[in-house]
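Same chain, two partners: chain A is paired with chain B first, then with chain C.
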Partner chain A sequence: MVHLLNGLTYGALLMVLASGLAMMYGLRGVMNLAHGTLYMFGAYLGYTVAGATNFWVALVTVPLLLAIVGLVLERIALRRLAGREVLEVALITLGAALMLEYVALYIWGAVDLSLSPPELLSGSSRLLGTTYPTYRLFVLVAGFAIMAGLALWLQRSRIGLFIRAASLDRETASMLGVNIDRVSLVVVGLATGLAGAAGILAAPYVAINPGMWSEILIPSLVVVVVGGLGSVAGAAIAALGYGLVQTAGATLVPEFSLIAPFVALIAVLALRPTGLAGQRVH
Partner chain B sequence: MRARSYLAAMVALSLILVGCGGNGGEADDTAAEPATTDPATTSGETGDDAAEPATEETPTADDASEGATDEEPAEASDEEPGGESDGEPIRVAIIPTLTGTFAAVGSEIVLAAELAVENANAAGGIDGREVELVQLESDGQPATTLSLVERALEDENAPFITGIISSAESLAIQDRVVEGDGIFLNTTSSADAILAACNERTFSTIPPNEQILNTIGELITESEAESFSIIVPDYATGREQAAGFAERAEAAGKTVNEPIFVPLGTTEYGPQIAQLQDQGADGLFSVLFGGDAIAFTQQAEQFGLLEQYTTLSGYNFVIELTFGAQGEAVEGYLGNFNYYAPVIDTPLNDEFVSTFEAANGAQPTFVAANVYNAFQSLFAGVEAAGSIEPEAVAEALRSTTFETILGPDQGFREGDQLFQRPEFGGQLVLADGGLAWEQLVTPTFEDTAPEMSCG
Partner chain C sequence: MTTMPAGPATRRGEDPTGVGDGAPHTRRTGAWAVVVVVLAGLGFALPVVLSGSSMRFVLEATILGLFALSLGFLAGHVGLVSLAHGVFYGGAGYTMAIVLSGDLGVHVAVAIALVVSLLLSLVIGAVSIRVPGIGFAIVTLAVGEVAFLSVGLNRLRPLFGGFDGRPVSAESFLGISDVTGIGLWPAVWGTVIISVTSLWLLRRSAFGVLLAAIRDNDERARFSGFDTFVPRLLAFAATGVMAAAAGVLAALNTAYVSPPNIFWFGTAFALIAALIGGAGSLAGPFIGAFIIQAVEERFAIGGGVNLYLGLLFVVLFVASPSGLTGLWSRTWSSWRARGGSQELRGS
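Now for the complex of A and B:
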């Protein structure tokens, strides 16, 4: 039971982070390798805001701050990168990530930081006969709640319809009157906000340091690729799968845990080259 | 099919990133390295204003050698700066990593090196020479560091190399420093293999693994725990440290469980924490380092794991750089420390601590102290040799004693060039709202240092 919860908790964290990455790729065709740095800034800003106020204020304000960053990012950078070769864009965003790491170093210094969970979420709770850290249960619930909200919004709202249409076929959606730039602004703001949410959720769970983006980037990429490039639902399922595979691997065959997700990546791509979500038109 | 090409590109990128992430497959105790993606190489620059070249003309390594061939190694010189020396600057290259998990260690290296150079120049230089700092930045990969060492030796005319962090890097560059007629001052890498190489141009101011483990062994003998679990990063040095601890704990009559190995840079420690709970030991020995140690501490505390242990111990699991982040959760921790400013009572250490605090607003850590100690040793070697010719300086360093922040009559053991100093053992206590070391044991160098294997 504990192992299952561990896998789902880590998966939930990845789900929140990778869904934004998948959305951004789906709509803009931009594989943003700087997405992990937004998660890093989410953790750092969470540390700063929680220090000045409290964790709950940070949990609300940090995603909003990162969403604003996303809006600016879309207007000044991503819009201009749309349409370029995916590898070219990936390398540009990787360069941006490396530069942003230095920005974090300059602002917060090189020494690792940590953030304690709020009093309400410290300690352990009983769940199905198991004692489990309350904060982890919160991450699990928050992750699923965010994803449920996102799914509902994409399925039920008018802009959600536009996003789905544009993600499936940008050109046709555009010809049918969908303003891709406007939709994209919303998507990028949401995606960076989700990265911020993942950062503040992870802050009481990991060490906050300028290099933390690179530790989460590879799992996020694996999740997006396995899920099917651009698919939010695929990324969500792949994230949970990643969490379960890695924690199961670490428990059952520790030597295998590091490569387990990559074996899964290869297996999925071999059997289903377009990922779990299937064929996309782009 | 375009979608397939995207996928192929992403897989390739993932693999590239994975490749960038390691640390040459081998990290050291002081700076166990999780996966990071750092800039391949960025070149640094000379240090601060105080370290500006004394002359506009940059001397070559050959010039320096020729100018010093007739000079004899000597006792530490009392000669006033500007006396008989040729005035050529002492150029020292530091090659730390400033991002990723190495960032905090690298930053301390830079601060200490800058301070050592500034203090030396403010005092009129060393043997009549200005000291110049050449700062290069590595990404922690041995190949990168090796190329930067070559650059320091061949292009920067900096024969004195220091501030290299991981053991993998240090092992990779040792021979090249000899070939390039330089001196390597090892301040941060503690793999036993560095000493075992018996490299005549490598001088280590950091104690090696074996000496540190011997100190930890003394602490463990007196500890309350009867059985130990071990958690270590999964790389060669980590495995050696696990085996070394197990050997000493068993010799002290403790039961030792099967070690748990964790990949570097792990984010989720839930599975390992569950395993540790299942093992049910009353003592824990951890070799996790830096960000890994902090993440593990946070998660172990949330799981209530730490309450299980009467003895929490480790090898650099808690260091001054992580006191703030690990906090009260590790109060009572038994471990080693190379240096802790409040326990070193020497005039030069007082001066070092006060100038470091004035410059940086914080107490120097063991990283800064080892670097500063290396610079003081180098300066003493230059003064004793009356030359900056590396062979003369190396000979002087092997054969003379000098005063450093650790006290008078300090020096290197001839053969493996290990600085003859103790490793401290202590317990973390809460003081003034933060953690502080309370020294418990100070084994002598003779009692704990590895036997010299060099002929």
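Now for the complex of A and C:
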């Protein structure tokens, strides 16, 4: 039971990160290898802001700060790189991630930092016969709430419709009058804001250090590919699957709990190379 | 005609003047071949000229360059960006360590290491090449992560030594007793010659043209009746063996192998080396590797390797996707074009 909750909590975080990645890829064709870095900065900024004020202020301001970073990034960098190949842009974001790792190291140091959860959410709760840290339950609920909100927005709003259209076929969507540049400003801001949200949500339950970006980056990228490149729903399902396989691994063969999800994801891709939501290969 | 003066003389003759005439072309290629052969031969004598520490630098940078060459060829000529080549690079080292702990000897160990890497790359390639586009790079990243975590497992400690890694204790290799020192250079340089020559031949072959065609438009290649899977798989495996050769040399030289040899960071650094130098060219990855090695040594104390490497890479790659060699050949050809037109006006 505890394993299941752990898996779901991690899955919820991955969902939030991966949905942003998937949207950015769908709309801009950018596979952002610096997404983990934005998450890391979310956690670090959360640590600093929460230290100066309190956790709740950080929870609101950090995603906003990261969203602004995204808007700036889109305007000064991504839009200019729009003509470049997907792989080239991805490698450029990897270079940026390397640089930013050092920036975090320079500001916050190499030591593990930790942020304690707010008083309201500290301690543990009884749930279905087990006791579980309240804060993790909060992360779980918050992750699902964010995803529900995102799904509703994508399904119901006009811009959500544009995003879905553009992620299916960018060219046709822009021919039909969707302003890709304007939509992508929203999407990139939202995606980086979500990365910030994942970062601040994770801050009280992981060790905050300059290596945390690469730890989360690989699972979230793989989840996006398994979900079917650019599909938010596919990425969300794959993220949950990742958490659940990790749970199963942790209960059955604890030592393989880190490896099992990757093996499962690679197996899915071996059977279905374009991912869950992707088209069949001819 | 003696070989020594022939090279420089024709090279000078080739400068801005001899653009595109038919007859001197064959003479020029012949002269180029002579230059290349002479340089290849002279390369073996490098330790005579260079001091111990700079030779050490050259040796390490060249091994990194070999690793980068495998990734650069795959990226530039086949269009596949792999982050799994660390599995072959590190896997070869691990195979060496395991075989050498028996009493089969170093040459058998090297052979087994290369064969194991070939098999690994065929399996990994078969799974990942079917995933289209950037998905391929990410699947290889996942494969690398699985390998990295696996060798670190406590349960497999007797085999891989956990996160402490394993010693690779070879007393000699190809008659070289100083394998952990600069004495390994002839083996390294020999591997460079073999690798570069085979890639050069591969690039010019019909198979190389097919690979380029698949890279440029795999749908059209399929439409023209070519199988696009097997050629890419073979190219993936060939570069996998090349990465393994680099891994063998690195393991011999450091007498040690550990999970970071497999980790995707190492692969990403080699890839960045290839891209800085120019992924499509044969010399580029070595140029990039020397730059990376220099940056690493300069900033090893005091930190900031990632910052400067990242910065260098981003600036250069945004400016020139074909790296330094691409930048060079573009400048060169535009300079030559200007020179040529002046000559036309003159005559």
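We adopt the following convention: the second predicted complex is superposed on the first by the 277 of 282 C-alpha atoms of A that agree within 3 Å, B and C clash if a C-alpha of one lies under 4 Å from a C-alpha of the other, contacts with A are read in each partner's own complex, and residues count from 1 in each chain.
The rule is short, and it goes like this: contacts are C-beta pairs under 8 Å (C-beta built on N, C-alpha and C of every residue); 3 or more make two chains touch, one makes a residue touch a chain.
Nothing here was measured: the structure is a model prediction, and the numbers come from that model.
In the superposition on chain A, no contact is made by A:177 with either chain B or chain C. Residue contacts after overlaying the shared chain place A:265 against chain B and chain C alike. When the shared chain is aligned, chain C comes close enough to touch A:84, but chain B does not.
Residue contacts after overlaying the shared chain place A:96 against chain C, while chain B stays out of touching range. Of the two partner chains placed by the overlay, only chain B lies in contact with A:111; chain C stays clear of it. In the superposed model, A:218 makes contact with both chain B and chain C. One of chain B and chain C touches more residues of chain A, and that partner is B. Once chain A of one complex is fitted onto chain A of the other, the partner contacts of A:129 are absent, as it touches neither chain B nor chain C. Judged by the touch definition given at the top, the superposed model places A:9 against chain B, while chain C stays out of reach. In the superposition on chain A, the residues of chain A contacting both chain B and chain C are 31, 86-87, 90, 94, 97-98, 101-102, 105, 214, 218, 221-222, 224-225, 229, 255, 258, 262, 265, 269, 273-275. On the chain A side of its complex with chain C, the touching residues are 25, 31, 81, 84-88, 90-92, 94-103, 105, 214, 218, 221-222, 224-225, 229, 255-256, 258-259, 262-263, 265-266, 269-270, 273-275, 281. Across the complex, chain B meets chain A through its residues 2-7, 9-11, 13-14, 17-18, 21, 34-39, 98-101, 103-104, 106-107, 234, 260-263, 265, 267-268, 270-272, 274-275, 290-295, 298-299, 302-304, 321-322, 324-327.
Residues 2-3, 5-6, 9-10, 31, 33, 86-87, 90, 94, 97-98, 101-102, 105, 109-114, 117, 122, 124, 131, 133, 135-136, 202, 204-212, 214-219, 221-222, 224-225, 229, 243, 246-247, 250-251, 254-255, 257-258, 262, 265, 269, 273-275, 279-280, 282 of chain A are the ones that touch chain B when the two sit in their complex. In the complex of the two chains, the chain C residues touching chain A come out as 75, 81, 127-128, 130-135, 137-139, 141-143, 145-146, 149-150, 153-155, 264-265, 268, 271-272, 275, 303-304, 306-307, 309-311, 313-314, 317-318, 321.
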